[in-house]
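We call the chains A, B, C, D, E, F and G, going by the order they appear; numbering starts again at 1 in every chain.
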Amino acid sequence: MASTNFRPLHDRVVVRRVESEEKTKGGIIIPDTAKEKPQEGEIVAVGSGARDESGKIVALDVKVGDRVLFGKWSGTEVKLNGEDLLIMKEADIMGIIG
Amino acid sequence: MASTNFRPLHDRVVVRRVESEEKTKGGIIIPDTAKEKPQEGEIVAVGSGARDESGKIVALDVKVGDRVLFGKWSGTEVKLNGEDLLIMKEADIMGIIG
Amino acid sequence: MASTNFRPLHDRVVVRRVESEEKTKGGIIIPDTAKEKPQEGEIVAVGSGARDESGKIVALDVKVGDRVLFGKWSGTEVKLNGEDLLIMKEADIMGIIG
Amino acid sequence: MASTNFRPLHDRVVVRRVESEEKTKGGIIIPDTAKEKPQEGEIVAVGSGARDESGKIVALDVKVGDRVLFGKWSGTEVKLNGEDLLIMKEADIMGIIG
Amino acid sequence: MASTNFRPLHDRVVVRRVESEEKTKGGIIIPDTAKEKPQEGEIVAVGSGARDESGKIVALDVKVGDRVLFGKWSGTEVKLNGEDLLIMKEADIMGIIG
Amino acid sequence: MASTNFRPLHDRVVVRRVESEEKTKGGIIIPDTAKEKPQEGEIVAVGSGARDESGKIVALDVKVGDRVLFGKWSGTEVKLNGEDLLIMKEADIMGIIG
Amino acid sequence: MASTNFRPLHDRVVVRRVESEEKTKGGIIIPDTAKEKPQEGEIVAVGSGARDESGKIVALDVKVGDRVLFGKWSGTEVKLNGEDLLIMKEADIMGIIG
């Protein structure tokens, strides 16, 4: 819940995995038996965006607090403020729930 | 039939597979014995579109309700609202039926 | 001969293979003994075209009714209205006969 | 010598291989013992050109009648009007003789 | 602490690894038992930036003094002024701490 | 010395290898014992240039008569007017001597 | 010290390796026991620059006389004026010392 003091660069985001017991909230259920299924998480930090070809920064489409689905193997694990989080690129986010 | 509360990012779409018994409707038959044949489905959610090189968002060509053909192995399976659906990119959609 | 109610997306086309007995018509003969030789077909549906870098849709160069040559292994087989057809990209079409 | 009724798409050309006995004409000799050496041919049909990034069609640099060198393994063999010809992209043409 | 007299070219940066005993400062802890986890470091020199497609130089987002996370295997080791440092591209930097 | 009646397409050039006995002229010596060392040659024909992204033809930087260095394995061997020559792209030319 | 009469094409540079005994000058030491460590050298010739997408030539950032670091395996060895030198692309240069 506490925001982390880490600012991802460019088109990267920081995601907190949502544990299985929370997954039934809102009726969204993702089976955790199958491999390669997408996983649910919450965006806790977003980069300022990547530059397009003309050099202009394009803001990301996800924002802090968004519930998202992402590929099971996406991102790099990192511990920030004692919490296990994931750093990934926005392109690894499949969509927003809710 | 119920719309799902999932918003795919960028050029992704959510597709509901059409079961075999529905396939003969409208005279469209896709043999399910052959491997790698395209499959039929219905678009249930579409992203807001990908950005072109100048940074402008280009809306997708498919819309919710479209009957589409897609590659047998396209997309990622996900369960939303208790329903098995597929998330894929519009580029995986071969065309629209009807 | 009947048009199919399938609209290919973007730069895809639907092609009906021309059977061997029709191939001698017009003096065009493609030996079917050699592997990887191009095959003859007829365009039965065309997409609205791909977008160029500026986001403008570029119409395809082939149109419905065109007799074309395409690579033996190009395209995806599909049965539409009970007929075996091929969905491929215009880039797989080598040229137009006639 | 007779023109073929085949129109190559985009940046493709149709090439008639020049047989070895003709190769000494004009003092140009290409040894046919070595593998991967370029081969000599005559352009018999040219596409209308590929589109550049702005969507404008750029005409090809070779024209019908040009004597050209091309890679030994370039192109796809096809029989048009009973004649064995090659369909290849202009990029496979190394240059023009004469 | 002493600045190094090395100017990285384009979009490269020079990074000083932060030793494990410093890592708990500020509450940021990165487990060093797991392989492939990102590592913490401090930017000691930055290039003037890469050119975008129009030839304009785009300044880097990181600056000297920034605490950053980077991939465990990123960069090239080099000894400058007797100190072990890393030269890497800004794209290898995941984000800024603090 | 005689110019060849071959016009390379686009960004290709025709190069005449300089034999070892000529290599010491001007004090330039390239050891021929080592493999993968660049070789010396003379430009005998140049293409009109490749097109840039806007479709404009960009003339080549080398001209007929230039002494150049090129990779030992660059280019395609061809016999033109009874002479062994090489056809390669300008990008394979490392630089100009003299 | 003597300039070489070789003009590298486009974005290539000619580099003279700095021998180990010179490396301690200025306090810069690069261990030569480790493999894949960058090496020190001096720029002795630079190309006129590569063209950007609009066809404009972009001058290189390094100039003759610059002390540079480059990858151990970068470049092609060549002997010019009896001296062993390296031809490489500017992108292989990590940065400038001093």
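Criterion: a contact is a pair of C-beta atoms (placed from the backbone, for glycine too) under 8 Å apart; a residue touches a chain by one contact, two chains touch by 3 or more.
Just so we're on the same page, UniProt names per chain: A, B, C, D, E, F, G = Co-chaperonin GroES.
This is a predicted model, so every value here is computed, not measured.
Chemist: Using the touch definition up top, find the fewest steps from chain A to chain F.
Modeler: When the steps are counted carefully, the minimum from chain A to chain F is 3.
Chemist: Need the CA-centroid distance for the pair chain D / chain E, whole Å please.
Modeler: About 53 Å separates the centre of chain D from that of chain E.
Chemist: In whole angstrom, how far does the Cα centroid of chain B sit from the Cα centroid of chain E?
Modeler: Those two chain centres are 42 Å apart.
Chemist: Please compute the C-alpha centroid of chain C, do the same for chain D, then give the distance between them in whole Å.
Modeler: Distance between chain centres: 24 Å.
Chemist: Give me the residue numbers in chain D that touch at least two other chains, ranges are fine.
Modeler: 53-54
Chemist: Can the chain contact pattern be summarised as a line, a ring, a star, a complete graph, or none of these (other)?
Modeler: Chain contacts: single closed ring, each chain with exactly two partners.
Chemist: Quick one: what's the order of chains around the ring if we set off from chain A and go to chain E first?
Modeler: A, E, G, F, D, C, B
Chemist: Help me check something: in the complex, which residues belonging to chain D touch chain F?
Modeler: Contact set of chain D toward chain F: 26-31, 34, 36-38, 52-54, 56, 58, 61-62, 69, 71, 90-91, 93-98.
Chemist: Which stretch or stretches of chain G touch chain F in the complex?
Modeler: By the definition above, chain G touches chain F via 5-10, 12, 14, 45, 47-48, 51, 53-55, 76-82, 87.
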